[in-house]
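Note that the chains are named A, B, C, D and E in the order they appear, and that numbering of residues resets to 1 at the start of each chain.
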Amino acid sequence: MEYIIISIGFALVLLGLYGIMYMRNLMRIIIAFTLFNTGINIVMVSIGYIRNASAPILDAIPAAGTTPNIVDPVPQALVLTAIVIGLGVTALMLTYVVKLHQDKKSLDINNFKDLKW
Amino acid sequence: MVGPIYIIAIALGLAFAMGLFGKALKGITGALLMLGLAAMTFISGQWLWAFLTDSVTTTQIFTAGFKPPYSINLQMGMEEAILTFIINVAGLLGATYMYQTFSKKGEQLKMIFLVFIMSMNVTVMTRDMFNLFVFLEIESIALAGLVLMSNTGKAFQAGMKYLIATGIISGLLLLGIIFAYSFTGTLNIDDMIGAHLGTIKASSVAVFLILVAFILELKPFPANGWGLDVYTAAHPGIGALVSATVASAGVYVLYKVMPIAGQEWYYYVSLIGALTFVGSNLMGTRQNTPNRLLGYSSIGQVGLLMIILGLQDYLGDKTAFIAFGILISHYAAKAGLFWISGILKANDIKDWAALRKNPFLLFLFGTFLFALIGFPPFPSFFAKWELIMTLSTQGQLVWIAVILVGSFIEGIYLFRWLGYALKLDHSELPSLNITWNKMIPIWVMGMSLYVLGVYVTPMVEFGRYINYIPLLFILVMFALDFLPVYIKNTLSIGGVVWYMIDLWPRIEDDLMRQIFAVIFLGGAVITLAAGYSKKGTRKGFYPMALLMFAGLVGIIEASSMIDFFFSWELMTAGSYFLIIRGKRSMPHAYSYILFSIAGAYAILMGFGLAYGSNLDAGLTALGNISFLPTLAYSLLAVGFMTKTASLGLHIWLPGAHGEAESDVSPMVSAILLKAGVFGLMLLFLFIGTDNPNATKLLYVLGWVGALTTLVGNMSAAFQEDAKRLLAYSSIAQLGYVLFGLAIMTHMGWMASFTYTINHFMFKSILFLVIGGIVVKLGTHNMFEMGGMIKKMPFSFIAVLISIIVIGGIPPLSGFAGKWLFYNAIIEKGWYFQGAIIFFAGIIAFLYLYKLIHSVFLGQLKDNHRNMTEISWWILGPVYVLIIGIMIFSAFPQYVLQPIGEMLNPYFNTEIVSWEGTKAFTKLGYWDGTTIMIVVGTAFVLLLGWLISLSRKAQKVKQFNIVYAAERPFRPETTHVSYNIYAGYKKALGFLVAPGITNFWNTVSDMVLDIAGWLRRIYSGSIQNYTLHVIVFIVVFYLITIGGL
Amino acid sequence: MEKDFDKKALTDMYKDKFLAPENEKRQVAAPDGSIIEIDPLDDYFCQERPKELKPRKGAVEKFLNWARAESLWVLGFGTGCGSIEIPPLVTPRFDMYRYGVQMRPTPRQSNVFIISGYLSVKTLKRAIRSYEQMPSPKYIIALGSCTINGGMYWDSYNTINRLDHFMPVDVYIAGCMPRPEALLAGFGKLKELIKEGKGEKANEYARNFDWYKANQKKIIKDWNMPDFNW
Amino acid sequence: MVKKFLILLLVAGMGLIIFDLYQAYDSKENLSTLGEYYAQNGAEEVGAANLVTAVVVTYRGLDTLGEVSILFLTAAILSFALSFRKEDEIEEKELRPTSEILSIASQVLTPIIMLVGIYIFINGHLTPGGGFQGGAVIASAILLMLMAKPKLEISHKIIGFVESISGLSFIIIGALGIVLAGGFLDNRIMSLGTFGTLLSAGAIPLIYIFVGLKVGAELSNIVGSMSHNQNEK
Amino acid sequence: MDYSLTKFLWTLLGLFIVTNWGLLMSSTMRRIGARVAGRYGIPWYQPWIDLAKLYSLRSQITHGTMFYIGPVFRLMGGVGMFLFMPMIFGSALWSNYSFSGDLILILYFQFFGMLGMALGAGEGGQPYSAIGISRGLSQFTTIEVPMTLAVISLAIQYQTFSISDIVAAQQGGFMNWTVMTNPFATIAAMLSLLGAFGHSPFNLVKAPNEIPIGPPTEYHGTFLGVLRTNGAILHVAEAALFMNLFFGGATSWFELIIKTFLIYFWSVFVGTVFPRFRIEQSVVWFLKWPTILGIIAIIIYL
């Protein structure tokens, strides 16, 4: 199960990368980027997964020396942060796209080569 | 002490609060911003001070009340203190600089700015991997926001590229972190280091991803197009911060996480650093947009830092000093440069000529550039020194070469830039409108470079011996630059004389140093005295001239290699500024400084080898190089030969000396070149006579010297420009000196000394006189002169005596050199080199005659009819020198005999013995005094005889000549000067075909072509930049883990 | 010898008209910006008049005259068709070196000027210049009848008829053309004259300088040189 | 074509790296050191039933501060970037009126959604969810409003006020941790309370309230800026 | 160091002899040349007459100080060469002032006169002079190459630069002369001598009708007299130098006269036979065969 999930995550990462490199429309690039991000998030979550364990929400304080059968809470916490960061970056990218579109009335990346060499 | 955590609290609290005050209290947000940054600076400054005074040790700051690895912890140590301090200072100064911009564009920018600075503080301090990631993201998002400040299409594009690239990088970083976590079960960096992830096959991919992400954050070549665009398009105030602080923080972060990967990976970091350093600088050579150029340079510097980080195993405990020396120089210089760029708002580095409208800015600009290159007294100089020395103790020659090559390439564009700023026409450029808040940050950065330079000096071995007194005097002269020439001149001469008196007791036992002290400082007095002929204030001349002389004296005084090299670089800098003062000197000063830097780096490497062999930085280490001695000696010799302008390395000289000002030419020709001679003498004395490692080198140098004289003299004969002719003559004369030294016998050295002394005197005379004439006549071209003997008889006599000396005609002192040479070459057995030397000596007559005939004899031109004698301020010193020549000619024994005795201990070869006024060798004899008497008597008798025979000669005018029964039409058509040796050129001109110039031209064209070709990878397309990043990752992966 | 026209009017007429352009006053700018007035004739040429140089007295002068006579250096300047007669003198057949007669390429080193045939006005100017540039004592040998009365060119529009109106002649060699033998004979005559102390025509030229100049200027209309060419 | 091939080649290369990662990945049976510590001691130390919340708010509180900063930054950048433009570009665009269903449904749903959001962040230490999630839900309510009434002008003043106050409070609570408890962002400035109740886990609910408000405000701000910008096209 | 009046007078006497011998030699050579052409040529005493005439010309001009001093320099060059050369081997009186310098001094003293001539002619403002000098200097540079090689070869051979010592080493029969012991150096030097004397084929410097007599175009009267005097001295001195270096020196004035005559005759002989070289041809010529011979002369001692 976890292998499938992590594979999906990895596949999304690769797909995202391919999209970023291949797409010419800025919006599509951003979508590819979110795919990429999502893929990573999936991988992160699945890293913390432990077979047959429950969510890291405890009903009671565990007795000393015993470990409750839960999945690793750390990747989940991390992925929370990662998602928010991804959100911020995506929002920022969209802002940029808005500005770029205002500037050139186009979303084709080939029109944005003013800076080179 | 205030805890570093408050840096975060203050920054974020203020940022949040700004929204609260909103529009109601708009005015206050600016003050809040400054206050907040000041507070952050204070906190980190306080820690830094505590560390500097050793009152604290490295402190861990825990959050949430739990110990790591369970919670995030920050660390405040010496390194963190320095970095947070410089980041915050840059933030404070940057905010000061952008104060108006900020208040115009609303409070959001201020918030973003605060968070931006804060995030870098945290990235430096945090010891948690994921936290590092979070704040890196904050940093890059804030930066993307700040880029928007420019509100231009280009800025949007740059920001977009930046976002996408960093997005991919951070995604990969995240992958790496999570897998590292999965392997180690911790997110704490120190724990991860303990886990030795890099060595385990399975976890090495995670390490790879982390490492490559942090490397990519540093914008390695070639995956750095997005970074460059940010530099180009961002507001220069932001560019300054990106270059100064983001790069610093990024480097430190890499330094922090590198141990996770382990030492196996360091090598690759260095490799990427080298690629970046060289590649980025190489492409910078084709760049004309100032901000982008600065971007290339920044990336290059970061590459250098990556090299250093990667080599930290070799560098050991010196890593910190070296890295910080380079980092801080880069930091201050880049920030200052970006800020200056913001003031100028120029799109082309050629427009930086507008800097001349504000001398202070120009001064600061120069300071920054020299700090970047690594000139003394800036910290980067000492850092580079330590870097090279330490690397060479480890035998890392290739790294030394890479670093020096990269630095040299950096010099190519930086000095082109400086030249443009110093020389290009700025009449049509707009004048500068500078507010105090823009000026203060630049001043702070500029001054801090000097202060830091002096501060770190004692940290280097032997550094405490470096003498800063002359530099202080120069600083005073800078301050007094508004005074008129005669006051400054008197002060300068006074300073030089005072220093001479001060110096003399210290070199009392060392005749060689005494001779060079007289040449350098006596020459200084003489050439400076000629400066009285100038009017006005002559801005900038005196500090630079004194800088050069200070460097020269420093070389004499130096007891250690660092002292020597320090002075050597000072001299180079001073002389560069002197040379570039000429009207058309820009390209020549440029090639001068490039050759000088290359030479200096060769010397540096040579010193490195010497240091590496002995672990001793004293000059005496040169005498005992066990590690690659031949290479070391060759490098040192080549380094010194760039100053003596030996064949192959001479192409800078004609232009540089020819186009310089009239009293600068003698300084750089008669005096400056002797620095190279002094260096060679030192080197050869340390090499010793029977050093098996240097035999071949000396043999080659002998040939080089001989061919230099031949080519120099022959080129001089075909010159039409009077000062260039003299310049080529200098090349040739220094060829003699080099040849004599390479002979490595008592007599060869005597000859070299004789030539050195003579060349000092006659070339001073010639350049002073010809320089004065060139100024008066308003032309360099000899064929436009003529007939000056009637207008300037005293100049004529001076030149006549000089050329008799150059020609080696008895009875004047030039013959002494020739005579010694004949003896030396027969003794040494270098017959063919000797024959070439003498062939060249006779060719000298061609240019000597051309010079004196074209200028003084022949037909007087119409527009020179009212000429009068050149200034007595020039002739005065000249006649002092002529008296010197006469004394040396009549009583050579008083000079040569002590020199001989000084040389005796060094050589066991045939010596020159003296019997009163007569010199003996095994082969022959020579009596200067008697010759003088005999020739003088006979000459007077013959002259008397001729006068008695023809008393009544009618004085006639210039056209009273027989002209095939016709009469001349114009003086111009009657003056034979242009291409006077046409037949000779036809026969032997092929020998001086500009092959060497063409060679260097081809080399530079090739470099520029490669750069132009390479930089096409930066096609401007977002996708291409993404591709570069991915290519970089994949290739790096294939090389490291894939085992390619 | 007097021609039937008003010579003063003629010289005045041509005085301004034929001032060569290069002799006109002009202004040039010095490097320092000041303007310099150039008067070519005065600035480029020495304007001194020739002086009469008295011979020494007695035996010294006699010895020197002998030396001068035995060392006749001839200016290599062929003025007319007669110049073809001079080169044979150096051939084995005539071998003038035997008599101490040598050719020199420059007037500064010559003593003897052979006016070898007719003189066109143009050549006259050059001849005068060359003659004046020779150091004194100097001698003129006039070769052929053209130098005596114009010869076959007596009514030519641009040759002179009587050489001694323009330059003092020491020896005339008549004929059209005289052969090299005659030239050698002429040298012999000249030697005699010098040895007798009669070779003082240079002084005569200086003495009657104004007269010669008036004659020369009357004929030479584009007089573009100083009065005496040193 | 060459480029396409190159891209595929590069993706293949990246695939190689990822394959390596994949190979390195191993299905886990046990918690990692860190996870184990949290599982064993998290509830006791922090008092939060939701361990993820414990980690997010307390153990890795600095990260959370960073996250908040990121959203804050994004909002600030957006409102900054989208506010300036050349004057001539500003022109009102005719918009199609929204459908009846949407406008009426939004009036009904908005308060409910808001309430759900508040619930989520108040109970963040007990149930799945928290400040970010709750904030996002609140923002979605605002989005719904905006969709229903495109001309709606959201009061930046109020949003900004909420945002700043909550942000400042977060910082102040964090700083109080240094004074009153073990370190910055330590939640134990208040009593941990009874495990599993609403008023437990020290300052976590407080922090989450502020975070939730702040996130909600920031996201609303973002959405509002975007919508405002779109209106002016 | 002998600065006595006796020495001075003897030297003066030597100078007088040398001058007269030089004049006689030049007229003799011209007579020989004339005989080759089938003429009688000048009388043997013609040079003296010419000198007398030149010194007694009445009018004279000068272009300036250097024009005036130039010939003095030139004469000084010739006289100096004489002064610093031992003329007669073994004679203290006829060794002149050669104790103040060796062979190198003499080699370099040649330039003294050359420079003076060049400067004096230059001040004349006469373009022909300058052209002549430029040719002369150009040619001179390469003339000196085989000469230098030969001198180096000699120095290796005899291990001395002292002329007296070189002559001493050649005593004891003509088989000891350098011309026999070191023929390559001798030939190289003798070829270089052709240029030094400036006879055809190397007389483009003074091309009489192209650039009227070259450097001395403007010189006349006394100046020319001085130059001619110098020519006489210089020719003998140079020939004597070659005699000392290659032909065993001279033990008496008679021997000196014979040897210098023959050496001088060598250049006249070549000059009578060969036509004139252009300057770029002569420059290259000296760098060819004479230089190669010079190099061989050194190689045999390596």
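Rule of thumb we're sticking to: a contact is a pair of C-beta atoms (placed from the backbone, for glycine too) under 8 Å apart; a residue touches a chain by one contact, two chains touch by 3 or more.
Keep in mind it's a predicted model, so treat the numbers as computed, not measured.
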- request: Identify the chains in contact with chain C as well as chain D, in label order.
  value: B
Message: Give me the set of chains touching chain C intersected with the set touching chain E.
response: B
Query: Measuring between mean CA coordinates, which chain is farthest from chain B?
result: C
Query: Of the chains shown, whose Cα mean is nearest the mean of all protein Cα atoms?
result: B
Task: Please flag the chain sitting at the greatest distance from chain A, going by CA centroids.
output: C
Statement: When A-D and B-D are ranked by contacting C-beta pairs, first comes B-D
- line: Separation of the C-alpha centres, chain B versus chain D, in whole Å, is 54
Statement: dist(centroid_CA(chain A), centroid_CA(chain B)) in Å evaluates to 49
Task: Report, in whole Å, the distance between the mean C-alpha point of chain D and the mean C-alpha point of chain E.
output: 106
- request: Would you mind pulling out the distance in Å between where the CA atoms of chain B average out and where those of chain C do?
  value: 70
Task: At least two other chains touched by the same residue of chain B: list those residues.
output: 130, 134, 137, 141, 144-145, 148, 175, 179, 181-182, 187, 954-956, 958-960, 962, 1027, 1030
Message: Touching at least two other chains at once: which residues of chain D meet that condition?
response: 7, 10, 14, 21, 25, 28, 32, 34-36, 38, 59-60, 63, 66-67, 70, 73-74, 77, 81
- prompt: Mind pulling the chain E residues that touch 2 or more other chains?
  reply: 59-61, 212, 217-218, 221
- prompt: Name the touching chain pairs, would you?
  reply: A-B, A-D, B-C, B-D, B-E, C-E
Statement: Note: in the complex, chain B contacts chain C through residues 776-779, 862-867, 954-960, 962, 965-971
- prompt: Touching chain B in the complex: which residues of chain A?
  reply: 13, 17, 20-22, 24, 26, 29, 33, 36-37, 40, 43-44, 47, 74-75, 78, 81-82, 85, 88-89, 92-93, 95-97, 99-100, 103-104, 109-110, 112-117
Message: Under the definition above, what is the set of chain D residues touching chain B in their complex?
response: 6-7, 10, 13-14, 16-17, 20-21, 23-25, 28, 32-38, 45, 58-63, 65-67, 69-70, 72-74, 76-77, 79-81, 83-84, 157, 160-161, 163-165, 167-168, 170-172, 174-175, 177-178, 181-188
Field: Residues of chain B touching chain D in the complex
entry: 3, 5-6, 8-9, 12-13, 15-20, 22, 61-66, 69-72, 105-106, 108-109, 111-112, 115, 119, 122, 126, 128, 130-131, 134-135, 137-138, 141-142, 144-145, 148, 151, 175, 179, 181-187, 202-203, 205-206, 208-209, 1027, 1030-1031, 1033-1034, 1037-1038, 1041-1042
Query: Along chain E, where are the residues that touch chain B in the complex?
result: 1, 3, 55, 59-66, 68-69, 71-72, 75-76, 79-80, 83-84, 97, 99-105, 108-109, 111-112, 114-115, 118-119, 122-127, 130-131, 133-135, 137-138, 140-142, 144-145, 148-149, 152-153, 155-156, 159-162, 212, 217-218, 221-223, 225-226, 278-281, 283-284, 287, 294-295, 298, 302
